Amino acid sequence: MRNIGIGLVGGGYMGKAHAAALSAVGAVFDTPLRPRLEMICATSTDSAERYRRAYGFARATEDWRVLVAAPEVEAVVIASPQDTHRAIAELAFSLGKPVFCEKPLGAGLADAEAMVAAAEASGCANMVGFNYIRTPASQFARALIARGDLGQISWFRGEHTEDFDADPAKPASWRSFGAANGAMGDLAPHMINAALALMGPIAKLSTDIVTVYNSRPGADGPVSVTNDDIGQFMCRFQNGAMGHLSFSRVATGRKMGYAYEVTGSKAAIRFDQEDQNALWLYKAEGPEAERGFRKILIGPEHPDYLAFCQGPGHGTGYQDQILIEARDFLRAIETGQPVWPTFRDGLEVSRVIAAAHASHASGAWVAL
Amino acid sequence: MRNIGIGLVGGGYMGKAHAAALSAVGAVFDTPLRPRLEMICATSTDSAERYRRAYGFARATEDWRVLVAAPEVEAVVIASPQDTHRAIAELAFSLGKPVFCEKPLGAGLADAEAMVAAAEASGCANMVGFNYIRTPASQFARALIARGDLGQISWFRGEHTEDFDADPAKPASWRSFGAANGAMGDLAPHMINAALALMGPIAKLSTDIVTVYNSRPGADGPVSVTNDDIGQFMCRFQNGAMGHLSFSRVATGRKMGYAYEVTGSKAAIRFDQEDQNALWLYKAEGPEAERGFRKILIGPEHPDYLAFCQGPGHGTGYQDQILIEARDFLRAIETGQPVWPTFRDGLEVSRVIAAAHASHASGAWVAL
Amino acid sequence: MRNIGIGLVGGGYMGKAHAAALSAVGAVFDTPLRPRLEMICATSTDSAERYRRAYGFARATEDWRVLVAAPEVEAVVIASPQDTHRAIAELAFSLGKPVFCEKPLGAGLADAEAMVAAAEASGCANMVGFNYIRTPASQFARALIARGDLGQISWFRGEHTEDFDADPAKPASWRSFGAANGAMGDLAPHMINAALALMGPIAKLSTDIVTVYNSRPGADGPVSVTNDDIGQFMCRFQNGAMGHLSFSRVATGRKMGYAYEVTGSKAAIRFDQEDQNALWLYKAEGPEAERGFRKILIGPEHPDYLAFCQGPGHGTGYQDQILIEARDFLRAIETGQPVWPTFRDGLEVSRVIAAAHASHASGAWVAL
Amino acid sequence: MRNIGIGLVGGGYMGKAHAAALSAVGAVFDTPLRPRLEMICATSTDSAERYRRAYGFARATEDWRVLVAAPEVEAVVIASPQDTHRAIAELAFSLGKPVFCEKPLGAGLADAEAMVAAAEASGCANMVGFNYIRTPASQFARALIARGDLGQISWFRGEHTEDFDADPAKPASWRSFGAANGAMGDLAPHMINAALALMGPIAKLSTDIVTVYNSRPGADGPVSVTNDDIGQFMCRFQNGAMGHLSFSRVATGRKMGYAYEVTGSKAAIRFDQEDQNALWLYKAEGPEAERGFRKILIGPEHPDYLAFCQGPGHGTGYQDQILIEARDFLRAIETGQPVWPTFRDGLEVSRVIAAAHASHASGAWVAL
């Protein structure tokens, strides 16, 4: 059993999730390649040391260049802010080290393109962290579609809606500024990725974007919000189906409204991340009187389920998605084969976002 | 207690619903004005006579002109095909007789405009049959919004989705031809009416429309379908909120997907006609740990409920919506005051549909 | 088309429901036999006259004997308090007039037995008003079980729970006194009827009954409550299955918790009257990965649905159940054949309630 | 930061869950005490060695006595069959080593009593593995009840239903023999524990137990099943509330039907482990028209949620429950204070089960 030294950039929000996943991934999946927690990087010496102790890394640093360059760090996991992704990844690839990068791929389309170029030039394993699509339920949805069970697909609707900014009295924060932190920049990537994974490429789209609360309280009085609260677009997929995607950070009552429906001539599916252990399936077969959307509870028959759960009905959670990512990243490194979703898959998402912004600016449909 | 002679044009689909409602409306609502079932018109002498006996009308005819002109017919209910609406209504109004007309108002925008002109010139009571919005749940949704409980409203999403044409092997029928019978012509009116009722006027929209199954089996081989299976539009309401509406007759698994969600700064609501006795409400108040969408079961505290139900949880159904329409039509006649939705309200719906077709043709946003 | 003169005893709660149903039943079902609303009886001359006008009866009386004896009254519908059922029914049967009686059959087992004896001696049509089991969903559940789709049935759980007395500060009322008005007397009959209809006879049971709030506010201070708030029993059915039934009037949050689940070796069903247009069905067939409880929306394929609804998803409500009862009562009269549920079916329910009280008194299982 | 050597007995079903939890518990909870994975025991040298490699333990053995006695093993986790629990625990306690034991506590009441005696005599930390009650939702339910939010509680209903033996054609297995492996022995403990945790002690109960499928296919023809498929009991809690609990392994369609409802005068709650990230709460306050069961999605405001989830809606799963157990076991060891549920809590569950069997045998109520 081989092992590999991991460097983790970012100890907060996503960093902890990855640290916990790297600690347990071997026991859960019996992976041939096992991670060693070599170094963690955070924004100050103090916080880095605190994370090191909490998560069990060997060393800590406040300089990501030190981490990436360290010989015992053989692969890098990036869980730091979007505008740092590109430089970290480029350095790692230049040193021949595999990279797992949280979504989205950098702070915009240019970053994403550069990161894909660097990754592909290096030949190193590269993955991007679209974790929600990893649930057994969504993996099963992909499988149902892939094997043709839905028949001719005519409709896709997806949303990613949350309510963290639904209260207009909430003060401005870093989330209030910059396209990358708006609904289209921050929430859209996960659901666009889902749409592409389930439906294939988008052919064209028409977009609308709005800032609902233009001003928020700041330390010294009202502050102007410079990015969007809600975005939506209509689209046509290359497979001919019609689609609609929407994204909102002001969706009162929604906590993880990562939800989609796919309608085909033979069947339809519905999914909502707020009830991530169920997939709803309607099959247009059998007696009419017995047809209905069935709530399939994810279990041993579904992808990856048994890694976390001992029996039916046990249920998976958020951390299990991160564990699957860790396993797949290790697998990509070990086998030398790309494992979905690669940086290139992340770039496709960024391209859709760029097209959506262009459509909103022009008021017209934009082809991809 | 006065009574009034009713003439009903159309004995099939909707005619029976109105006949049953007219029979029971007095007992249910103790209306000051009571209907007498004077005459029914159907497409043949035989069917008209059969309907007459079944529904309990005094006389039958196969000529709607006879019905409208009969002295004992004092008010007319139109439940015949769209392209007959205008002529019947115009004759009735010219004779000073009130008219209740099933939705949509005629076969297109020109019909709707002429019918409103005739109605308003006559001064007669006039109503259009948007029945779904009459459920206690939707009436309560309107009341919640009207009294400001949702705060600043930022988002509306509505759909009317069914699956009666979801099977591509289903033969062509009258539904397969003519814009008025497509998804935008036949399904959209109810949900556009709901959007206008809940949100107020639409300022602009951008539309996409598609025919999924271009050909269907006919008696002598494949037949080309000339109208749309799915339509959708993004919009902005005059109140500033963003919206999305979609309509489909190929939505596998959906039987009465008349569903909407409205999101405001203080609360959000969700409704689905398939579970018409519940309204889901989320209020952004009280301890965070206790917040959630609550399933409000419609009961004695909600509009019109007690007319049909003796106690909480009894539940209303489709026929109860038609009963409310019958009561309101009688009320409009008796009081001489317009009762929502009037022909003018129906015209607003037709205008939105016309704008949607224009937007689809141009690929651009269209202002209303 | 023949018609028949109806006398209705009771104009309040249930009386109005029956009056409305009698008004519309002909139009809805095109019944061969049509009701004439001849006479209504209420507790005072004033109220009787008020009901007469509202519901459209020809005459009014405050004396049920006058009503039952009137020659133009050819059949009697009893919607008056339980303790009046027996005398009214006995007089009607003695005059050879069919009787529809609201549940339960009289104020106790002795009444029920006497009423069955009188009914059967007379040979007249007789029915008892268990309306909830008439929904298309529950009728379909019965059909699924009857045709063996569930395989060997091992388990039944039913409840009838409401919350009208859940607030301990609610003043005492007529509901607070007398076994017939407690949870076991007033709520149990509907669900016991459902259990018998779905599962067949009960072989034995063991019961527990409790008064949660022993005292309630009265006009002159606290009043002792003399009947039960909650009852439950475990049972074995003659078919070998195990069962559990519970009844509560203090079930906070429950408005019409008339709900049951039936589990067999091949399938299971679930139903809740609060969502009366759906039946949940799980079939242990097909790929494991695609199994789940499916929410079957009641539609044209299900019993009696098309009488009230023009298409899928329209939905039925409380009043539709009463319409089915009216149709069946007319059918029983017209054909001379018993139509379920007859007085004898009502007696079986009363026998179960009596056994339940005996079990609670002895603390032991009681055989039926 | 101190650490402690762990010995794990059992590498299969539950062993893996504990191994993974022990690997990640430090990173997830930043525990002061950190586990070292010292030794694992399985039934053969080969399997033990395989588990050792997979889970990352230092050593392996096929003799639990070797494991318990090893000096570097400072605490023992028991995840082996029920009939091994007692001997392992007694040896560990005799050596002054803390023990975490999977539920139930041994193979019957005598084992449980002996294990409590040994634990309490030793003064060592001891816990029993009732994991389901550890979800944030159920912890929140406990908190709501504990702080009196439900008012006077009148009713508890709980079930633990699964369908792993629902198919009568499934061959006999170890599950088919011995009371400890029947529904009352194997499924009841979790839900009885929940009932005691939420409601407090049971005062008396009346039980029914049944074997639905008395014979199952074996290698050499039909085999007699010697234990129960379904059990249920009615009970009264010491707090005066009425209760009902049921357990089934033949509940077609149910995968993890660990579900309960608690009804009080002010509020009611509902929970189902199949949707473990939601708690349904109805509060009898505010306008009647706005009341309803609300679906509270578990989030940062609820107990233990933020350990696994970075934000609202992320959701927890089965493995997270085991992580909480690991944290609490470490805490009990570190602080020297008992942490619920101790062996004594497990014994209370065993006593209820024994009383239930006694009630079934006598057909009478049994006091505890």
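So that you can tell them apart, the chains are marked A, B, C and D in the order they are listed, and the count of residues begins at 1 in each.
Criterion: a residue touches a chain if its C-beta (ideal position, glycine included) is under 8 Å from a C-beta of that chain, and two chains touch if they have at least 3 such contacts.
The UniProt protein names, listed by chain, are A, B, C, D = Myo-inositol 2-dehydrogenase.
Values in this document were obtained by computation on a predicted structure and should not be read as measured data.
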item: Comparison of B-D and A-B (more C-beta pairs in contact); value: A-B
item: Same or different residue numbers at the chain A/chain D copy interface, by half rule; value: same
item: Between chain B and chain D, centroid-to-centroid distance (C-alpha), Å; value: 54
item: Inter-chain centre distance, chain A versus chain D - centres from mean C-alpha coordinates, in Å; value: 34
item: Approximate Å spacing (C-alpha centroids) for the pair chain A, chain B; value: 42
item: Two or more partner chains touched - positions in chain C; value: 254, 278, 282, 291-293, 297, 299
item: Overall pattern in which the protein chains touch one another (line/ring/star/complete/other); value: complete
item: Of all residues in chain D, those that touch chain C in their complex; value: 152, 154-155, 157, 163, 166-168, 206, 208, 210, 212, 229-230, 232-234, 236, 242, 244, 246, 248, 250-254, 263-268, 282, 284, 291-293, 363-365
item: Touching residues (chain side chain D, partner chain B) in the complex; value: 140, 278, 280-283, 287-297, 299, 301-302
item: Chain A-touching residues of chain D, taken from the complex the two chains share; value: 1, 13-14, 16-17, 19-21, 23-24, 26-28, 30, 34, 53-56, 162, 164, 254-257, 273-278, 297, 299, 308-320
